[in-house]
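Take a look at these structures.
Each of the next two complexes has subunit A plus one more chain, namely subunit B in the first and subunit C in the second.
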Partner chain A sequence: MNSREKQVIFGCLTTRLLVSLLFPSLQQQLDKAVEFSTPVTSFRSLQEGVFLLQNDLPVYNGGVVHHLPLLVALMSVVTKDSLISLLYAGIDAVIAYQLMLMSKQFSAQLKMPNWIPGALYAANPLVLLSCVSRSTVTFTNLAISTALLAALQGNVFLASVSIAVAGYLSFYASFLAIPMLFILKRGRLQSVITIIISLSLYLLASYKINNENWNFLRSTYGVVVTFSRLIPNLGLWWYFFIEMFEFFIPFFKAVFNIFAISFITPFSIRFYKQPFYAFILCLGWVTLTKPYPTLGDGGFFLSFVPFFQPLFVYLRYSIISILLFIHAIVLAPIFYHLWIDLGSGNSNFFYAISLVYALALASVVVDLCWSMLRIEYDNGNPKLDVQLTQL
Partner chain B sequence: MWLTLTHGLIFLNLFKISVQLQNIDTNSFTDIENDYKYDSVESSLRYDDDRVNIGSQGYLKPIKNEVMSDLDNNKRVGLFSMEKPTKYPFKEHLELRPLPKNSLLSSFQFHLSSNEFSIDKSDRSNNQYSHYTVFPRSISPLMDNTNTRQVHLRFTHGIWDHENWGRLPHDGRKSGGSGVELWAVIEASDHNTAFDQWVKLSNMLSGLFCASINFIDSAKTTYPMSSFQPGDGEEIPLFNASNKLYLLRGALANEPVCTENMAPFIKLLPTKGRQGISTLLDGHKIFDSQWHSLSIDVTTVCESNSCHYEMEEFINVAINVPTTLARSVRPIPKPVDGSELRCDNSKHYDAWTCFPLPESIEGKYELSKIFGKYIMGSNSLSGYPTQTCVQVSDNWKALVKVDGSYFSTDNNCFDVKGEDWHDIYLETDDTTQVDPVKASPVYVTRSLTGYSQDKGGLRAVFKNPTSEPVELVYFESLPWYMNLYLSTLKIESKSGLKISDVIQSTYYLPAKDRERPTHLEYRMTIPANSTFALSYQFDKSLLKYAEYPPDANHGFEIESAVVTVISPVKYEFRTATLLLTLSTPDFSMPYNVIILTSTAMGFIFGTLFNMLVKRVVTVQEADKAMTATGLRGRFLVIKEKLVKMFKRPKPKSE
Partner chain C sequence: MAVLEKLHRRIVDMGLVPRIIASLPKISIFCALLSISWLTLFLPLEGQYRRTYISENALMPSQAYSYFRESEWNILRGYRRELENLKDLDIHERNTIVASWMEEYGAKTSINTNNQYGETLYGIVHTSRGDGTEAMVLAAPWTTTDGLYNNGGAALAISLARYFARWPVWSKNIIVVLSADPQASLRAWVKAYHTKLDLTGGSIESAVVLDYPGTNDYFKYIEIGYNGLNGGLPNLDLINTAVHISEHEGMKVSLHGMPFVELSQDTYKLRLKTLLSGIKDMTLAGIKNTTGHEAFNGWRIQSVTLKAHGQDGPFDVTTFGRVPEAIFRSVNNLLEKFHQSFFFYLLLSPRSFVSIGSYLPAAIALSASFAIASADSILNNEYSKLPLLSIYNIWALFAFAVALMISFVTAEAFAYMPLPSLLLAFNVALSFISFTVIKYKIQKPFSYRFKAFAHLYFSIVLTSLLVVNFALALAVGVLAFPMSLTKTTTNATMQQKLRNSLLLMSSNPFIASWILCQLFEAQLAGTSLFHSLIDAWTQLGCWTWYVLCIGWYPSWILVAYSSIDSIPIVTTSKKSY
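The block that comes next holds the complex of A and B.
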């Protein structure tokens, strides 16, 4: 760890703790903001779960708790407010450090100092606010980045166990196991077995913790997969299912779920020579298609974009992507406020923003995908004067 | 001749006397005969607007005498001190009570009981005859078919002024929350059967009372744990020892209560609104009141193997006297004539200016002016005369008016006798002085907090003005689209009370979307002379497009919380209902949303799919390939041929 890295980690820790300390009500404000909190990731419902657990009340028999039992059990141990702040800030610092370690792996290709991705992550306002809001997305992100780093370093066991944690915490993150297997150069079978065993172990432990009751599956994965909590968020699904005719809803639930998994394997296969980048594209795809996305997910995905630095020359509509992101991030709270609080706008305002956000993410994924194809065609040496098309 | 006219117990709550009538051997033939006679009398009774005294027709007397003599022959052992023995298990009673602020509480009370039947199913099916004397025919099948042992139905509307009027009539046992409230004790082998019976019961009641009770589905049904419990010493029989009893409860907040609900109420009475105090029940007057509550309680009472149903039908009305009297004078609201204005002459006063005097504290009115009708004689069905009691303080005069002459009694209770029309006359020099009301032991008000349509809070203020602690059960059933965060429960109190000081135990069953409501019951102790507020937060969820009712922006009614005071007195009351506004989607958008979302998804999918499956080539290569194979290439070839065909070879220019 060089001094730059130390500075980045220190900066990451202090900004988060400082923001929590200076604006004590910010956590609750953000936790209520639709951009940073969804029913499945909000800290409020996590606290509710802890409360119910501690008072021997049913945690998963209906109600608002959609967090996994192990997470609720973990948070019931960490109850002190300052400790929770420290925990979240610490996790973010670890992720920043892992990003820097990853960039070390690619230092030959990347024409930038290793600490840049970590610094960008630490400075990313979306990640910062998501961390301050104590969204449980942070835990999933840690599991994903640990798995990715371990896979890059060839640590099969740690990678498998971590991706299983990610999949356990957030159903759609389990898709990332496929591109991760492509990153591993050996021990793929071993990895698959480890993932399955560790995932079953987590579920079994949850079952034990939850008074030997499987009902948590319905309130956690069930809610995510069937999208039964119709609460506005940045995803594509919520308004669709509110407006959809009852008869077609099961069909479209299947369509959306297939849509979410559709590009995972194709990306992994098409870019099998660059499995790390395939992983990031898959991460982008999951961020785009998962039913309860937050800006924390988006920020985490965008933190990986610096790794595409050699391809930046190929990006065709980076300006449009940036503008779309700014458009969505600035207008989302305004339009939501207009609709929900003031009543002077209606639901279409916020729906339009969720479409814009989806397009912003999609434009990034599409652009990165194109530049991947381009660099492949150019064999690693950008020839910018050649005009390419597809046939 | 042996007759079975009355069996079992009659509920006489007001006299606090339980009356056990001697069970007489059954002779079904004469019983039917007697029923028949009764029916013929009943059908020949006439009610007309000319107010012909029905007594003059003299139909009732012979029957009455005959029945009486039959009973006398049996040498019944009378367990109560009344001049005449009961003929039919029916009793009616009207209680009037002037309330502060010039209101009048009228409490119509009807007690009925059914014939005995056997618990044994086989006995009942063998018995081909089902006898209904005064007990309404529609109720017994309803109880039998659904295995219901107790059913309680309330239609309530209006505001009961707790601060001024004190406790609710009958200690709140006979009034529900605003709208319709239903709870029942159902005997069933398991939970699901009980629920099925409950749905059946609510559907039957819905048809019977012309109300939307059938909308009580699983998302509105709760299984109360410590509220709505049967009274002390009240035993609910089990017909089959292997079954269990289930208490189910549902409410429809702010269901409009209206004449069409009261007409079936009156029809259930044997007097059908044509005799006795039920003649006063006029929908226009009842529903024009400040507060009214219609209640029906049917209970099963068993002694060893033989049982009967008991029914109490109460109608309580709090009427504002001056407005009601004014309306009878001026049915169409018009400005009062200048000469009738009561002006304060000590202030400036002319044809244009009038400072009104406070309302006169003198009051005199007749019941017929309030209800627009008279008590048309005593009911001729039971030996208990129709009784009317007025509960007033000494500065009031209460008189009964029969045939133009006024009578008074010591206890202000008047028996309505014979077929004469009766009227009650009340007079006082000071309407503010009434028989002192019993103050409510505790006050609870509940309100919604927050302004946004995606989240909010509930805040209940508990106030105990008395000098002894009050123990109570606070029951709340909230719809599933309010996602409650119990961890946000907070207490606000000036005296620094903590949650553990007031809440002894909690029962909490969180809501399941579209399946069941949040069910919350607190057993609490409110310390003496204290006020505190409990509050918690909730999220509002969006509903599906078709789940919104018409006029979705009006909001959703949240049923009242039920407060059951256990000590120092038994008392029960409800908070007001709440109006919750949910965010709504744009109802004109379904196609647009489907199209726009699908387009975005299709666009993203198509672009990526093309990228992944297509070959990357240079533009020049692509053009060439297109020329060779594509449609454009063929078109070029054809074009070339055509050009050749029509183009004359040019003469070579030299």
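The block that comes next holds the complex of A and C.
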């Protein structure tokens, strides 16, 4: 760890702790903000779960808690408020450090110092606010980045165990195991077996903790897959299902679920020579199509964009993407306020903005995808005067 | 995307890109002109606006016969006479006596005392038919906006409530509110109603504020006030209902203080005048003559003020009372909250309006004009090829953060210690910074980058204000536009410096808004504008002051700083991480 990296980690820790300390009410406000909190990631409901667990009450009967039993059990150990702040800040610092380690793996291709991705992650306001809001996506993000780093370093066991944790915490993250397998150069079968075994172990442990009851499956994965908490968020799902006739809903829920995982295998196969990049594209795809996304997911995905630095010359509408992101992030709370608080706007206002956000994410994914194909065509040496077009 | 790509390829082939980049300043000015002419030339044209219509069928204005007539005439006059006797009493004694009158006819009353803003008497007539979860408010502040004793308005409110109380048709509770004034005190009551009052009557659907000063029996025409705080407007259906009922009773309706002689005409000029004064009133809502309905903003309450004008005329005070009566009958019909009609509109006359789709392009063009000015500062100079993470961008971002901090401190410090002359003098001095700072020179790329960040930030501020408070966004955008015309200078001549300084001075948030109020708003003459801005924030929660300080001022500071004479530097290999 060189001095720059230490500075980045220190900066990451202190900004988060300072923001939590200086604005003590910010956590609750953000936890109620639609951009940073969903039923399945909200800290409030996690605390509810902790309370129920500590008082030996059935955690999943009330229909409020949608967090996994192991996470609830973990958080019931850490009860002091300052410790929770420290835990979240620490996790973010670890992710920043892991990003810097990842960029070391690619230092030959990347024409920038290794600490840049970590610094950008630490300075990313979306990640910062998501961390301050104590959204549980932070845990999932840690598991994903650990798995990615371990896979790059060839540590099959750690990679498999971590991706299993990510999949355990967030259903759709489990599909990221596919691009991860492509990153591993050896021991793929071993990895698959490890993932399956560790996932089963987590579930069994959850079963034990939850008073030998499987009902947690329904209120965690069940809620995510069937989208049964129909609440506005930044994603593409909620508006669709608000307006739909009852008898179409199961069909379209299946369609949306298939949509969310449909591009993961194709990405992994098409870019099998660049599996790390395939993994990031898959991450972007999941962020775009999952039922309960937050800005924390978006920020985490965007933190990987600096790794595409050799491809930046090929990006065709980076300015449009940036403008879309800025406008979506600025206007989303305003339009939500117009709809929910003032009542002068309506749900279309907020949905329009969540579409802009989806368009921003999609344009990033599509643009990166194009530049990947293009650099492949140019055999790694950018020939910018050659004009190509899609058929 | 394929179409876009084709278009893009075509534009590249035709060699348009450099030409477009070279003409960005012109495009920016064009956008601003387009915005203004869209609003002033285009919208008031015949065919560009629409006639209003009642969108919610349940309202059925004036379908029921209004009975507030001869039978109530003497009761109303009796109350008015008694109120005249109470005129010089202390407000608490007056409220106690009036409360006893209201209790006589079965209203439950309570007095809410706010230590800062005086006390408010309110009485609730509980519905005999509804479930008591919804209410309609009839408010009559003791003093009107003009500082007169609201004798007629209060007497009307009390006698209307007495008249309503005898009637079994109501499905919503009726709340009569008599506050000390139509500004802070009424606002304080509305806030208390939603947070801490014990005696409540359910969620308030609509509010009608009565403004009828004096004891005269007759009046000439009625004025409807509707511009809410922070750009909030009542649902157009409520205004349409009020207009429809008033005209049904034979009265002429005035908006935004249009004089009587102009009410019977419908010309391009008058539509334009109403439109512009509407935008002015909406920008200054809460800052100048707050008439009462503003107090209800922010709690999903649709509210209007009815104001009687003139001492002589064909209409007597019961006619005025029949307007709230019929509005209450209409609102009483509603099964849902107001939602059918427009929440975003501009009125061109009581019977014609433009909806958001028609007027929004004006503000979008203005916002785009600043975004283009920002792009111009990045692309149209020899430093356009600097990498994204160059030291210049990072420092410009840092400078922006500092400017934001300064603006915030200015806003807060001024709120504690309002010294308007000092603020204006300081900003005039700052506009002439290029004359005073001669030894120090700014590096040329910084000058460009500062402007780019300033304009981009301002563009985003405008965009986010667009829907929330259109009038404010437009006013701020137009007033700040000269800022985007300042030029980065090297070895500037006196003329160039003077040009920049004048542009800066005319686009300074404080100077520009002050000058505008001197010219067009007699009520805010002198430096009272600044006191009113602070009062509007502290008493009513109107955030115009913060839009000026935090939305506009940081950009202005950056542009002012970048107007210091610059020295060019070579930046070929200068990269920073």
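As a convention for this text, the second predicted complex is superposed on the first by the 389 of 391 C-alpha atoms of A that agree within 3 Å, B and C clash if a C-alpha of one lies under 4 Å from a C-alpha of the other, contacts with A are read in each partner's own complex, and residues count from 1 in each chain.
Following the convention adopted for this analysis, a contact is a pair of C-beta atoms (placed from the backbone, for glycine too) under 8 Å apart; a residue touches a chain by one contact, two chains touch by 3 or more.
Not measured: the values here are computed from a predicted model.
Quick check on the superposed pair: does A:Leu355 touch subunit B, subunit C, both, or neither? Answer first, second, both or neither.
So A:Leu355 only meets subunit B here.
A:Arg270 contacts which: subunit B (first), subunit C (second), both, neither?
Once the two structures are laid over each other on A, A:Arg270 reaches subunit B alone.
Just checking: does A:Gly345 make contact with subunit B only, subunit C only, both, or neither of them? Give me first, second, both or neither.
Once the two structures are laid over each other on A, A:Gly345 reaches subunit C alone.
Let me test your reading of the model: by the given contact rule, A:Asn2 touches which partner, first (subunit B), second (subunit C), both or neither?
Neither: A:Asn2 stays clear of subunit B and subunit C.
Taking the superposition on A as described, I'd like to know which of subunit B and subunit C A:Gln190 touches: first, second, both or neither.
Neither partner.
Figure out whether A:His327 sits in contact with subunit B (first) or subunit C (second), or with both, or with neither.
second
One more residue to check, A:Met112. First (subunit B), second (subunit C), both or neither?
A:Met112 contacts subunit C only, not subunit B.
By residue count, which of the two partners contacts subunit A more extensively, subunit B or subunit C?
Counting contacted residues of subunit A, the larger count belongs to B.
Looking at subunit A, which of its residues have contacts with both subunit B and subunit C?
On subunit A, the residues that contact subunit B in one structure and subunit C in the other are 341, 343, 346, 366, 387, 389-390.
For the complex, give me every residue of subunit C touching subunit A.
Within the complex, subunit C touches subunit A at residues 1-2, 5, 9, 232-233, 298, 300, 337, 339, 343-344, 389, 460, 463-464, 467-468, 577.
Which residues of subunit B touch subunit A in the complex?
Listed in rising order, the residues are 451-455, 480, 483-488, 506, 508-513, 515-516, 539, 541-546, 583-586, 589-590, 593-594, 596-597, 600-601, 603-605, 607-608, 610-612, 614-619, 621-622, 625.
For subunit A, which residues count as touching subunit B in their complex?
Residues 32, 34, 39, 44-45, 47-48, 50-52, 55, 57-58, 61-64, 228-232, 236, 238-246, 259, 262-263, 266-267, 270, 288, 339-341, 343, 346-348, 351, 355, 358-359, 362, 365-366, 369-370, 373-374, 376-377, 386-391.
If we count contacts the way the header does, which residues on subunit A are in touch with subunit C in the complex?
112-113, 116, 316, 326-327, 330-331, 334-335, 337-338, 341-346, 349, 366, 387, 389-390
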